[in-house]
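These notes open a run of structures that come right after.
One chain, chain A, appears in both complexes that follow, with chain B as partner in the first and chain C in the second.
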Partner chain A sequence: MQTLTAVMGHMVGGLINLTGPGHYIHWGFIQISAANLVVIGLMVVVFAAAILIPFRRPGGRD
Partner chain B sequence: MTTADETNGRRHGRRFNPDRDVAVWNGKYLPYDLVKEFLIALVVVTLLVVLLAVVFSSPDDHPVTVRSWSTAQPVDFAQTAITELDGSSAVANYGPPYNATNPGATQSIGPFSPERWFGVHHPIDTANDYVIAPLQTLPDRAALDASINAYTSASSSQQANWTTAYEKAVANATFAQGGLKVPSGAYGPVAPMISALTSMARSGALDGALLSSRQFYGTDYTKPLLFIADGTYLANLGQAQHLQGSQWGMMNETGNYPGQAWLWLYTLWYQVAPMKTSSNADLQVWAIMMLLTLILALVPFIPGLRSIPRWSRIYRLIWRQHYRDIS
Partner chain C sequence: MTTNTETPTDTATALPEDADQLSAKLRRAAVAALPPERLMPDRQPAYVASWIYVFGVLTLASLAVVILTGVVLAIFGPSWWHVSTVGLFVNSLHLWSVEVFFFAMVVHLWGKFFMAAWRGRRRATWITGVVSFVVSVGAAFTGYLSQQNFDSQWISTQAKDGINSTGAGAIFNVTNFGQMLMWHIVLLPLVVVLLVGVHVLLVRLRGVVPPFAPTDHTAKETGADQASPQKITVKGVPS
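Now for the complex of A and B:
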């Protein structure tokens, strides 16, 4: 039971701990956190995918 | 499939404009299940939210309270408290909406100054609200009550002499054996008042006394937050977490969590001149963003700007199969 509680507590607390000192990228006057940069990168990937992935055609063909 | 005669523009006797008019579609129509797509998107997003919440959790920093501040840095608390009592703190000189002590402090662009127009609608008298009134709530403190009476009944010049002397001395104060140790001087009743306020803050009683609402679930934390913001403790914590305005803090979250990346444009303006050093920066940035929002809303009516999607031809990339088929 204690093990289960510990496992659940660990899961609720997050498998990957993102607390602690943040990482930041400085470029001139621009300053951005690594986490924000990753999220923006993922958004760009999703945007590119939305444009480039072909629509499904009637009958299942691309 | 489409002719100029069949365009809405021609029907209204105007020359067809591809940025304004819509060509009538005479081609084939295909069914599309929007509800199905919505449900698939909902399920995918829900699963993603649950998965990411399990893997990464969310930021859970301890809240900064007057208690935690005065416990961690009692000298900084006492230094701030004396500025609240003598009216030299940032909040005491903020102007509207908290007080009218410094009308010149209001932000404006020419005659445009909403801060001044709305006036003082959340009044804060720092000496009374942050020091005197909370101390008066402490029960059975005859000596303290006498100090408060001595201070409030003294002339303003006498009060200024006491607070000025204490303000200089408290910079060299230390905290030991559960009490504030300030070098001796002619502070009158100010020293026991600030000492009592520091003890009250460390006990947590000041947090409750500063809440505007006496309801169980009080939500108006304006007074304690402004008091805490007058000290250096919160600013240093914010600086360490890259949350200051000069650090693009509006975009950031504590630790390594992603923050509000969509606020990049708003916070960008605070990093460049003249907003970077302007005392009217908030109003200037707001005005720029309102102007840009207006331009965005009016894109369909702005010649040139509304043609960019047609010129960029990204739509031909999205519908490339269709254009390949008809070519």
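Now for the complex of A and C:
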């Protein structure tokens, strides 16, 4: 389990460095962490996909 | 011993004189208000086939995982969830199911907002959904304060100034760990579960909001029945 956790940690750490303070984006009086901005962006993308992707029913009914 | 052959007022009432009992009256009122065929319908209108409702169900599923993992964390305590490998895993499950809960709830909420889901006597359904979102934010916030680590200390000392500026700090002290833990594991979960339960019951009672009636322009293009959008059906599937 610990080996798996370590491997996963290295894999994710290779993509995103989570060591150290978080990254923040400043735009005038707006300040938001990069992580929160990414999650909001993902929610917008998933929302658009939920609207645009047809909902298929079992048995091919649509 | 006498045998009464008169027809009882409902199938669960064996004797007519029992029909006046409080339990019988409550049962009849509950069945009238929440008929089983509406609580657990076999079919839904065609317009319910939308990913937006999948995200509503995903919200419910993640809430169940949040509560289950929270119960496990409550059984074993902070020394277990911070040190033990399994404890760290359950703690992470608790956190990430909260993340999924909010993610799915926001997508569901955006969808219902643009559908104007409060139409047709569905205001209470919309309001219970919105209020459960707001209360869930409080539940998550007190959860971050209950982690028992430096992160929770940092969050509490940052939040106290904001809470104090509203005047609520006198009764809601974010640096009082015991109070925040009780809010997190007792009060707010009760309110969230109650609101979500009422929300789901209202969805069953009032039904899912139908699409907007097509305008003259779109009706000509699609041939839709402008007067009765509820009559839109799937091929071979009655609404």
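In this section, the second predicted complex is superposed on the first by the 39 of 62 C-alpha atoms of A that agree within 3 Å, B and C clash if a C-alpha of one lies under 4 Å from a C-alpha of the other, contacts with A are read in each partner's own complex, and residues count from 1 in each chain.
As a convention for this text, a residue touches a chain if its C-beta (ideal position, glycine included) is under 8 Å from a C-beta of that chain, and two chains touch if they have at least 3 such contacts.
Source: prediction; values computed, not measured.
Q: Figure out whether A:I16 sits in contact with chain B (first) or chain C (second), or with both, or with neither.
A: After superposition on chain A, A:I16 lies in contact with chain B alone.
Q: Touching A:T3, do we find chain B (first), chain C (second), both, or neither?
A: A:T3 sits against neither chain B nor chain C.
Q: After the superposition on A, what does A:V46 contact: first (chain B), second (chain C), both or neither?
A: Only chain C; A:V46 stays clear of chain B.
Q: Quick one: classify A:R57 as touching chain B (first), chain C (second), both or neither.
A: Both: A:R57 reaches chain B and chain C.
Q: Contact-wise, after the overlay, does A:V38 reach chain B, chain C, both or neither (first, second, both, neither)?
A: In the superposition, A:V38 touches chain B alone.
Q: Comparing chain C with chain B, which touches more residues belonging to chain A?
A: Residues of chain A touched, chain B against chain C: more for B.
Q: Is A:F29 touching the first partner chain B, the second partner chain C, both, or neither of them?
A: Once the two structures are laid over each other on A, A:F29 reaches chain B alone.
Q: Across the two complexes, find the residues of chain A that touch chain B and also touch chain C.
A: 39, 43, 51, 55, 57, 62
Q: In the complex, go through chain B and note every residue touching chain A.
A: 30, 54-61, 241-242, 247-248, 251-259, 261, 271-272, 314, 317-318, 320-321
Q: Can you list the residues on chain A that touch chain B in the complex?
A: Chain A residues touching chain B: 11-24, 29-36, 38-40, 43, 51-52, 54-55, 57-58, 62.
Q: Okay, in this complex, where on chain A does chain C touch?
A: That would be residues 1-2, 5, 39, 42-43, 46-47, 49-51, 53, 55, 57, 61-62 of chain A.
Q: Inside the complex, what are the residues of chain C that reach chain A?
A: 49-52, 54-55, 85, 99, 103, 106-107, 110-111, 234-237
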